[in-house]
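After this come two complexes, each holding chain A, first together with chain B and then together with chain C.
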Partner chain A sequence: MKNCIHILGLALLVATVADAAKLEYIDGSAELLTSGDVDLYSSFLSASFLLTEQSELDVRIDFNNQDVEYRPHPLFDPFGSENDLSDNLVGATISYSHETGRHTLGATATTYSGFRNYSSLWIDEYYRQQYSSGGIPGVSYEDPEPNGYGLEFSERFELIPSTTYLTASVGYLRDQVAPGYEIGDLGSSFELIRGDTVLHSWTGSVEIEGVLNKRMRTRQTIRLTRTTSRELRTGWNGALNIAVSQNWISRTSASFAHENPNFEAWSVSQTFEYSVSAKWSLGVTARYYEDTGQIESANLVSSAAPALDSQQFYLSLRRSNLENNSSFSLSIGPYTTNYAPTGIGTERFINLYADRDWWWGRIAIRHAF
Partner chain B sequence: MESLQKLINKGKLLLLPSLLLTASSLDAQRYQVGDIVQDVTFRDYKTGMTTSLYELGSEGGVLVLEWFAWWCPFCTHAAANVEDGIVNYYASNGHPNQVPVRHIGLNVQGNSRAQSDTFISTYGVQTVVEDYDRSFFYEFSDAGQPLFVVINAEPNSPSAQQWEVLSVWLTYGSFPDVSTFLRPIINSVEAGIPPDPALMAFSSAPDPVDGWYASDWFGNFHGGAFPWILHEELGYGFVLDGPGDSIYLWRAGMGWHYTDPMVYPFLYSSAIDQWIYPLLYEEELWYYDYNAQSWLRFP
Partner chain C sequence: MNEKPSSKAKSRSGQLLLKALILVPVIALSGCAAVPAYEQAELSRPGMLFSDSPALADGGSLIASVEPGTDDRGGAAASGCTVCQ
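Up next, the complex of A and B:
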């Protein structure tokens, strides 16, 4: 409810601004990721307004829907029962930027309400089925209301005019999450303990983006994230775009993240795009991701995901109108996720962390005014 | 060997007060493999009746104790394994030495009847007792469940003493194939040797403890090397069943004697052809010789 009020406020702000500002362009996207038992729909609509020659306002509304067939493993979770879960996430983001000479200052506020991923939805259902009927002293299960809000401030500096940009940003995000539960041992009895319900995340990043030569453009980002009860996470991601020829473009990106004590993740993605004509282009993308698994706590029951690798492959068709910088694209392709075997403490989530074959599709539009 | 074990056990008892002063004594107080488990009473989870460890093992054989809590994933994993690999396995194949194998679940989580019922029915646990305060659990371990303890309940088994701990195995935090680990231990239990017929004269005596019999008419004696016995008053001797409940006792230097529940402590000595009345005096055994009308010392 709180987030709905935020979003309503944002809509009113947009309506006010639209009167006084020039609408530059709108972006929209709708994605569907579906496997046999999990369907994930996500979409957004954003608009960019030019307030003055130096300042710009972007607003964005997100809507996601998750449909999950909750299927506990009958042998390892005899207390669970099948259930079809559905949840919506609604989010809103507003960004303001102001350019002064070679400096651009930016501020972004974001808010959302709903489960951020289907794993959280699944895990919460597990805890609900296990602990909502009591039986263990201590806390009892409570229905969560996951939501959050955040702020980010950035400074973009034009190092070399029209060529190289350096951006530094700091951000804060407060998440009210669906907590985990664990069994505490009191010696002669046990008690149910609830985990953190609020997580605070602080982020800081430095990004450099620039033209290397007339055919190559790159972007490198280093990001630090500190979240409640966790160690500092360091991450890097980089992208390199190459105009191979008049018709061919290569887009390469990679990322790496590390968090003590033993989490590491990396990914690499490669896209080749071919311009069939002045308006139409075809693209093919392959992406690989791998991590070492979430950092498992010492809890008796752990919902931490085991090591994951995933492969994604998709084809894209894009129609661009260079005259007004508008475009339309359609992408579709298979996506597979493969988890390492679950440990005993994670065995009750064996169907959550099952290998899945997905299909992914996306429609995206952009229209400039 | 058994006497030695007894002396060792006595030694442990004597050392106990001092051991209590040290942290390491906490482990020393826990049952280890080879220890004899004392009887303990439980409440039967299903019937609510009081039962005991010795009662649960009264048919002899092997007791496989499994502590569990319904919410414990390690317990569910182990219980599934044990149901197939122990309970169903011995129900189908039997024990190689023809002794019964009894699986007993010990529930450590009270106040969760519905969930515990689900656990018990899912994994086919036939016998369940309550150990909600984990008092019996702590006799073996101070860690978490599931805990497995194998006890020999077979009397007179050549492989182990009755109520001897054969295995203490905590499986929390590991990936155990419980059945593969426990089956050789369970299979190692040999069937008890039936009592020698000569001991039928003492059939009313309780089961021996460390080889010591307590006959209600013949007194205490050690029968570990039967038919040789060590009587606490008469000393070493050799016994055979006589008619009815009577026995023949052979004693070095004095030959054969006859006695029965009606006449004991009188013995009829075949060597001197008369009844004698043995008397232990200042750690020596004497008897009154009616022919000589004087007290004589047993040789």
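Up next, the complex of A and C:
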């Protein structure tokens, strides 16, 4: 029902705005990540309207689908049953920006309904099978309705005309999540305890984009995120694009994230793109990711993911029309995820944190009017 | 819920953050140049731009939903496991 309200509300807004403003461009994307037992699909459609010469309005609708073959661990969860899980996520985003000289102020509101990743869907099914039949003192299992909304404000300043931009943003997100459950030891008795159902997050970021010379463009971002019951997360993203020659472009990017008490993650990616003609280009990308495992506050049972490393390799074909800034791209390639062995208390999720061989593909379009 | 981090860990994190806050803008700005418009032809090629449009960008949003350290959407999804106990 909430999904319908999101879409209807946004459709009404689009219809109203489209009547009074100039449609600048539309963006769309359909993306698939599939393995033997998990299929993830993500798509969105967005439209950008020029309200005045200085102000712009963007509206966007997201639709994601997750199909998961849930398999309990036969030893640690002998009474669990296999189940085919499916969930849809629908989201809507609206952004407004206003340019004044070298400053651009922006405001974004976003909302969604549905599970944001397949791990949460899997873990919720485990808790449902364990605790929905009752019989344990304390709270009882409740069907979750994950959803959330957020607001973000940004200021973009043109430090050096046409080349260097500094963007600062702050945001707030409220997530209603599928909570975790555990059996708490009260000394003389046991009872079922539910974890946080609502998480509040504050984020702030600073981004600087500039050119080093007539062939190099760079972007650096620092992001801080503070979420309920967690320590501050610091993250950095950096990217460097180099026009190596008339036909070759190199794109390098890297990221690092840290969160106390002991979570760290980093990734590095390298793309080489060859211009086949004025409009067509071919690219090849290799990417590596590694983390130390999710923050764990385990008692008897933990659903925290063990350390993960992943490798991705894909080919891209892109058609760009320089005259009107329209583009189309198609990307496809394998992706592998490798988890470290699960720890004590996490074995029941051994099938969730199993190594997987995936295929990833995406088709995307931008059409300018 | 969470084990409280030690003051040593907090101090290490603070130092890391401070270094990042100082180093990144310095690195980024130290080389930034005012390239005149007539010399920006190479920089303006579609493959050279940083764009939010997937048609012009690398990577994908679904990968980020698998890797907790990559997710930059903020909120619960980007803060480790949301249902960990």
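Quick note on the criterion: the second predicted complex is superposed on the first by the 364 of 369 C-alpha atoms of A that agree within 3 Å, B and C clash if a C-alpha of one lies under 4 Å from a C-alpha of the other, contacts with A are read in each partner's own complex, and residues count from 1 in each chain.
Basically, contacts are C-beta pairs under 8 Å (C-beta built on N, C-alpha and C of every residue); 3 or more make two chains touch, one makes a residue touch a chain.
This is a predicted model, so every value here is computed, not measured.
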item: Touched chain A residues, chain B compared with chain C; value: C
item: Touching partner for A:Phe76 - first (chain B), second (chain C), both, neither; value: first
item: Which of chain B and chain C A:Asp185 touches, first, second, both or neither; value: first
item: Contacts of A:Ser113 with chain B and chain C, given as first, second, both or neither; value: neither
item: First, second, both or neither for A:Ile123, with chain B first and chain C second; value: second
item: Chain B versus chain C as contact partner of A:Glu209, first or second or both or neither; value: second
item: Partner chain(s) touched by A:Gln220 [first = chain B, second = chain C, both, neither]; value: second
item: Partner chain(s) touched by A:Asn147 [first = chain B, second = chain C, both, neither]; value: neither
item: Partner chain(s) touched by A:Ile136 [first = chain B, second = chain C, both, neither]; value: first
item: Common ground on chain A, meaning residues reached by chain C in one complex and by chain B in the other; value: 301
item: Of all residues in chain C, those that touch chain A in their complex; value: 1-3, 5, 9-10, 13, 16-17, 20-21, 24-25, 27-29, 31-35, 37, 39-40, 42-43, 45-50, 53-56, 58-63, 65-70, 72-85
item: Chain C partner contacts - residues on chain A that touch it in the complex; value: 27, 29, 31-33, 40, 42, 116-120, 123-124, 127, 148, 150, 159-164, 171, 173, 175, 177-182, 195-196, 199, 201, 203, 206, 208-220, 222-225, 227, 229-239, 241, 243, 249, 251, 253, 255, 257-261, 263-267, 269, 271, 273, 275, 281, 283, 285, 287, 289, 291, 294-299, 301-305, 308, 310, 312, 316, 318, 320, 322, 327-329, 331, 335, 337, 360, 362, 364-366
item: Residues on chain B engaged by chain A in the complex (per definition of touch); value: 69-74, 76-77, 80, 108-115, 118-119, 122-123, 132-135, 144, 174-175
item: Complex contact set, residues of chain A against chain B; value: 75-79, 130, 133-137, 183, 185, 187-190, 300-301, 343-345, 347-348
